[in-house]
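Order of writing sets the chain letters: A, B, C and D. Residues in each chain are counted from 1.
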Amino acid sequence: MDYLYYPGCSLEGTAKEYDISCRALFEALEDRLTEIPDWTCCGATAAQCVDPFLSVVLPARNLALAEKTDTGLDVLVPCSACYLNLKKARQDLWENNALRAQVNQVLEEDGLAVNASVRVRHLLDVLTRDGAVDRVAQLSENRMKGLVIAPYYGCQCLRPYVEFDDPEQPRSMDALIRATGADVLAWDMGAVCCGASTATTKPQVGKELVGRILDQAKTAHAVVTVCPMCQMNLERFQSRSVPVVYLPQFLGLSLGMPAESLGCGMNLSDIRPVLSRVAP
Amino acid sequence: MTDQIGKTLVIGGGISGIRASLDLAQAGYQVLLLEQSDRVGGLLSQLDTQFPTSTCGMCRMLPMMERDRVDQQCLRRGLSHDNIEICVSTDLISLKGDPGNFSVSFLSQTDGGRDDCPVLVVDDEKIVRDSMKEWLSEEGYPVQTADSAAEALNLLAEGSFKVMLTDIKMPGMDGVTLLTRAKEIQPDLAVVMMTAYAAVDTAVEAMKQGALDYLVKPFDPDAVLQMVDRIFKDAVAENARKDTVDAVILASGATFFQPNLGINPYGYGRIPGVVTNLEFERMLSHAGPGGMDLVHPVTGRPVTRIAWFQCVGSRDIQTGTPFCSSTCCMISVKQSLLAKTMYPQVTEACVFYMDLRTWGKASDDYARQAKKAGVRFVRARVHSLAPGLKENDTGIPVVWLDPSGDRRESLFDLVVLAPGQHPDAFLSGFAKDQELTTDDWGFVRPEPFLSGHTNRPGIFVCGGATGPRDIHDSVTGASAAALSAMQVMASAGRQTVQNPEKTESTGLRSDGVSLFPGALVIGGGIAGMAAALAIADQGFDVDLVEKTDHLGGNLVWLQTAIEGAGSFLEEQTAAVQGHDRIRIHTRTCVADTMGRPGQWNTRLTPVKDTAENTDADRPEQLAENGSPPDKSSGGKSPDVQVRHGVVVLAVGGAEASPDRPLPDNGPGIYTQQQFQQALDQDAIDTGSPLHVAMFQCQGSREPGRDYCSRICCPRSLDQALRLKAGHPDSRVVIFYRDMMTPGLSESAYTEARKAGVVFVPYEPGNTPELAADNTGCRVNWTDPILGRAMEMAADYAVLATGIQPGLSRDLARLFGADLDRSGFFDQADIKWRPVEAMDPRVLACGICLEPGNLALTLASARAAAAKAVSLLSRETFFPGKDTARVRSAFCSLCQICIDACPFNARFIDPETRTLKVDPLACQGCGICAAACPSGAAVVTDRSLAPMIKTIHAVLNQPL
Amino acid sequence: MHLTDIREKLAARPDLTRQLAQVKEQVATCIQCGTCSGSCPNAGFMDMTPRRMWRAVLTDRVDMVFSSQTFMLCASCYVCTLRCPRGLPLTGAMAELKQVAFGLNLDRFKRSTLFYKAFMDNIRQYGRVRETEMMARYFLAVKDPRVPMSYTGMGIKLMAKHKLHPHLPTWGPGRLAPLFDRAKQQER
Amino acid sequence: MIASIQTKDHSITRTLQDFFAGMLKTGAADAVLVPSRMSDSPYVKPCLIASHDRLDRTVPLGPGFFVNAGPMMSRLTRTRAGSTLVAWLRPCEIRAFVELTKLRQGAREEVVIIGMDCPMALSRTDYDDWAGQGNDMSDDVEKWIQTVYQKPVTQVDAWPVSRACQVCDAPYPVNADVSVMLLGGDLDREIALRADTEKGEKLLAEMDLSEGQEPERRKALLADLETERTEAFQAMDEEMLDQTGSIESLNRFFSACVNCYNCRSVCPVCYCKECVFNTDAVAYAPTQYLSWADKWGQVSLPNDTVFFHLTRLAHIGCTCVGCGQCTLACPSHIPVSDLFISVTRNARKAFDYVPGRDDAEPLPLSVFQESEFTDIVGMGNKEAT
């Protein structure tokens, strides 16, 4: 299937490998990603803090751009923070006509209009519900057999919008991981917060929260993530050496794709244990 | 038509249905009782014990009259009565008609039931397939699933299905194509499309191509069941049995919240030590899986530390339950007390609660017993069973915050969840079909002032279908509903079944006792009036005694506070005064009574003439009701002798006096009633911003008056909302111990919070300080959450002092009844026989029976009337095979049995000088037989033979 | 003194007073059950639990509210929102408190204010976030040499992985400046 | 109030006879109930005597005890007679009467009970032997009295007192109107009487007696008795457990029983108006016997022997006063009372009940308390009742 693609700022910077692996994986799965032309920042946490209206306008601009493509395709977002901002804006604009009118006045001069009809979906939503599991299973030939993987979901792809998974005990990644031949670590830290942006400003918070999470992952060969902020925190605050990889990186490897094509050199954590297991 | 026997349909065989059916059957009417499951007893058959007896008393519902017409067996094992046709495993198919002429059709599940309605679920998502299969299988549908259209077509080719539920968007062939192909294979297949909200258009399109309907994901299990039930009923309607009934009682109950639905923060189903209270009830039972031991369900190890979590699927918007489920607090109190006392191994029994809802007259004391037994009560809502802290060898770690915000942690072997009561699928379907008025959550809303009446004439409702109900309220409501059905049947001119003993052998039997055909109702408040009216309407004479010079009791001052109560009071008063079967005796009280129970000859006498008697609202006045009058005064009015077979005590009660002296002309300190009256008389300017402090539990729930009056919290909320509505800047602070807003009254609590009323909890011993001088009131307290000293200046301080019953022990004892430890009427069984004394001819209702609001008062009044009518419609009562008999030849008249009988059922007949048994009082307990030194007291069905056989077998075992 | 300080500042800003009243309304039906605080992954780092924060809001203790850092520590994980039995939008309410706090320009939040301001300026300038430039501007604004030092290790790591934007492209007055300005106008 | 009677002619019997005669003479009593011999036979029975000159055959104190007077009191007081009766009773007779009054089979209103420290009893064979030792029984009686009240004894000369007496734990009057305190007394000189009730005081006042006091050694002697008898009871209890602890041994214990039901007849508290063993309930059809014989291999006849005793045990489990009459009456020399005393004294503990202790104490089976036997009634929670 085809999707409009909203990478978000992190995927141009600190999470470059997420972007690279995403695009590569979808190509391998023969799904087409069309990047939303001229997309801009969704406002991240900052807009919400300093300017509530702007925190709607910024994502609205991107939704308008997506609608402008007139493809009717869903917008796929790999970054959980961007996903939540876009999704929240879409819901608010959908429900609140006055707000929509107000936003459209701002967008009008750029030749844009938003009617909030486009569907915003997280990468994980797309991978679990649009048939990728079967395709991965076919193509992976159980390449990841013998590995134990800890799926880490973070917060904002699960909450507050309950779309595709249980927000307390998520399971959607299980099928994808099993499709590669790997085993899923039975843990219950998959939906526990890593501290997110608070960890940036208050490192001691990140250190403790991440410590708690990774403690439970010590029997796993790797942690798999679906969010740049989570990935960054898990890699940055670890005291033990646990490989942390993005889900599309892991799936790509399971399909036998070369490590470089998935940006595997850019991870901050030492992911050689994973790579070595899959080396041909 | 008029010689036809009256017949009522009762829907649901839980305790409400059983109670209503038995009341109707005892009154001589026929009952058709339909129950969907395969047994009667409902939720209660899963509760091993009930508080406050800590035993099971369900069989106490069995009738006290004509007992041989009922199997005297445990009601968990079944119910049988000559006048009740019980159809278990039966579905109601349709119901149409009007009072006096409803046609009903119903179908046994074994007779072309749901197992003949196979369902095929097609979805590529496993979770959808699994959950649909679970929901539908539970309701008795055979379910098969397919993960693709191709597989579905295979299954359709192999066997036949009645219903297919299919997803639209699937890999491979989509749902719409499957629809077309399936219809080719099986044209009569009912197909329902399942779709995400985005694809509703496609679903609508599919309906044009033959789909019956569609469902939008994510699904509500109830919506799915209703849809399939509808298809099922349409398909089987022609096989159904048909009948005609005069009235309908809906007693279909409620269902328990499934804790594994939704976000399941407590890991039910995932963590083995997490169980529901029903599961724990089984574990606690000696007949349960652990036998005499309390063991972990998985590890089998002895359980020593148990936690109870309240409000699981109650008071929780996240589970669609803004209301309180009323019963779970007391279930947990009971379970914790039992666990702690039955099993010394239990070192830690800990109940986590938000408000401990020990409403009603016996609960608070019971909770105190639990505290005394060592149960720990922690005011905290455990947010979840913490991730990362898995159940391990040492137990389940439970983390909570104390009020100051400090983190606490304890390990438990078991976590018992107290799931709330929710309306079930049947109820929502039935309410929709019958166009019954429901509340926002799907419970049937009774008409105001008509307990148990729905908006449809002839269809009555009771029990869990009206909202979360405890046993007591369910049983009372069921009797009230039975009375309503009796009234419908009476006005349709229906007859009752003849008394079999009477027709067969009245002349031959000398052991019967009869009742004087009339009722004495003591107390002319709304309870007494409602009871009197209901009894008189059924054709019996009633003497209504009121101490003051007017009828109405507490409703006189409350009528403005309750919407519509004024005109209701007026109507009732007029109806009572105009009734040709009711004799009203105002300014009168009971002097004394003579005769055996049921043949009372009671002397009424004018009350002494003092100014106070015109004031109904002073407790000390009402408490006098029934005490010997002053004979010196009022010699002109002669006393009146009244012969009556039943007596209804409805003497009411009043607001308790505050235990602190109110300052004379004190600046703004009011009791709740005084404040209400001031509000109603516009003596308080609510239009200006006022500062009001309200104090709950003033003297209530404390030694001396250790019960909850149940009405004060809702009244305070009502007053607070009125103040806030009068002026939004009014500052209202309510100081409370536990907000007692059970059931749907929780919404008033939420409303008050929404309106900005501030709630401050306090514990006894840490009561906020109220001081007053001529400048106003001042309150000082420490906020437990903020940990800060706070103060407010208040224009008004309102003390909620609760209800004090007005029944005197002398009056109760005059009729062989008594007061309970709190001064209310002592019921035969607080749960199972809530409106009668041990002697069923002595009834009580209203707030001398138990504290309650107008609705409860009316329900108890109508329940008492139902009992009275059942009794009065029978002339003579004979001992049954389960009551005791006397073998006079052996009797030495030693009277040991009279002393031993706890029920005052044995007496010496002055005419024959023989010992007789009163069949309405005898409970068949056999204590007399054990006590009798001569073997003269016997209970027919308890013969010696089996005992002798056993002893023979033991003594003569082959050597 | 502090109390008067905050009350005065609030009085001068009716928009923020209104917003604070909205927050109070949002959490009005709070029953102080503590689910939020028990669930909060950061509660242990907060100077007051979220429950106490709501209580302070509901009892109009603005002094307590804004002398706390609690809302700054909210990681927007939405667990409290998910679990709150009253269904209150707690994460949103925390964000609103943040907005009010920034709006009041209180000294205690200066560093965070500067950080977010740097961030927004970055977006205004480039449309997308250029992390390096943003951090550089933030460090300049903070005027505290210890702050950039604490991020140095991370920066070097990222640099090594070619994840920082070393070049600073220029966009004249700013890529999204007109949009920002129009939004500002609309807001009034 | 404690009074004293001066002993006349060194004869305690004579002194007491005069005491009774005085009551009849003064009209303090219309009749007295005292054990008395029939003509010159050695056997004594309770006799109701209304004439002051018919007291010379009475034996107020002695080892002869062939009828428990409790049920006799019941016969005399079941309805009002309108006259005052003075009854001279052993402690176990008083106990029996108290139990019967609880069953409304008698009333105390018109009776003044004089109870005495118990002189104990001999078995029938021993009694015959003892009574046959000399020509004049009165010397032997005086000797008996002088022996049994001075120190704890279990036999007098060659004759052991009955087992029931050896283990009796209440050999002093309880619930009497007047208590005669003989233990440790200088009986050659005086007899001490204590009025325990108003009625007792009235009686003693009318008799115009001098003031007395409780014998100094009496309390110590009672304590000694209690110690010895507790030990004796424990020994007997163990013996019984050994002899009757199984169905098999129980059958052996009663193997000599011939179903004469003497034990039932003499039992003062075997109260049923109509015994179930005289009713249709045990009148089996001939085929029934054959089918039992077939099933069990044999049926000994008369049947239901052990069953009968067990039933009696169940009936009097709480009320057995331990008088030992059943053993005295048994023609087959079965120590029936040993078993009954042992079983019933243990059973009573469950109800904390002592027969004869208190008029107002209700019979355990006539009151039902939910807190009793929680393990049996299934009401686990005592708190909640």
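Everything that follows uses one rule, which is that contacts are C-beta pairs under 8 Å (C-beta built on N, C-alpha and C of every residue); 3 or more make two chains touch, one makes a residue touch a chain.
Since we're looking at a predicted model, the values are computed, not measured.
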item: Distance-maximising chain from chain C - centres being C-alpha averages; value: D
item: Comparison of B-D and A-B (more C-beta pairs in contact); value: B-D
item: Whole-Å gap between the CA centroids of chain B and chain C; value: 50
item: Distance between chain centroids, defined by C-alpha means - chain B, chain D (Å); value: 58
item: Rounded Å distance, chain A centre to chain C centre (Cα mean); value: 23
item: Two or more partner chains touched - positions in chain C; value: 44, 82
item: Set of chain A residues in contact with two or more other chains; value: 167-168, 192
item: Junction residues of chain B - those touching two or more other chains; value: 263, 265, 384
item: Pairs of chains satisfying the touch condition; value: A-B, A-C, B-C, B-D
item: Residues of chain D touching chain B in the complex; value: 103-105, 247-248, 251, 271-274, 276, 281-282, 292, 296-297, 299, 306-307, 310, 362-363, 365-368, 378-385
item: Touch list for chain B against partner chain C, complex; value: 263, 265, 311, 315-318, 354, 380-384, 399-401, 403, 405, 407, 750, 753-756, 758-759, 761, 783, 785-788, 790
item: Residues of chain A that touch chain B when the two form their complex; value: 119, 129, 131, 134, 166-169, 187-189, 191-192, 212-213, 215-216
item: Of all residues in chain B, those that touch chain A in their complex; value: 124-125, 171, 198, 263-265, 267, 270, 384, 387-388, 390
item: Touching residues on chain C, where the partner in the complex is chain B; value: 24, 28-39, 43-44, 48-49, 51-52, 55-56, 58-59, 61, 64, 82-87
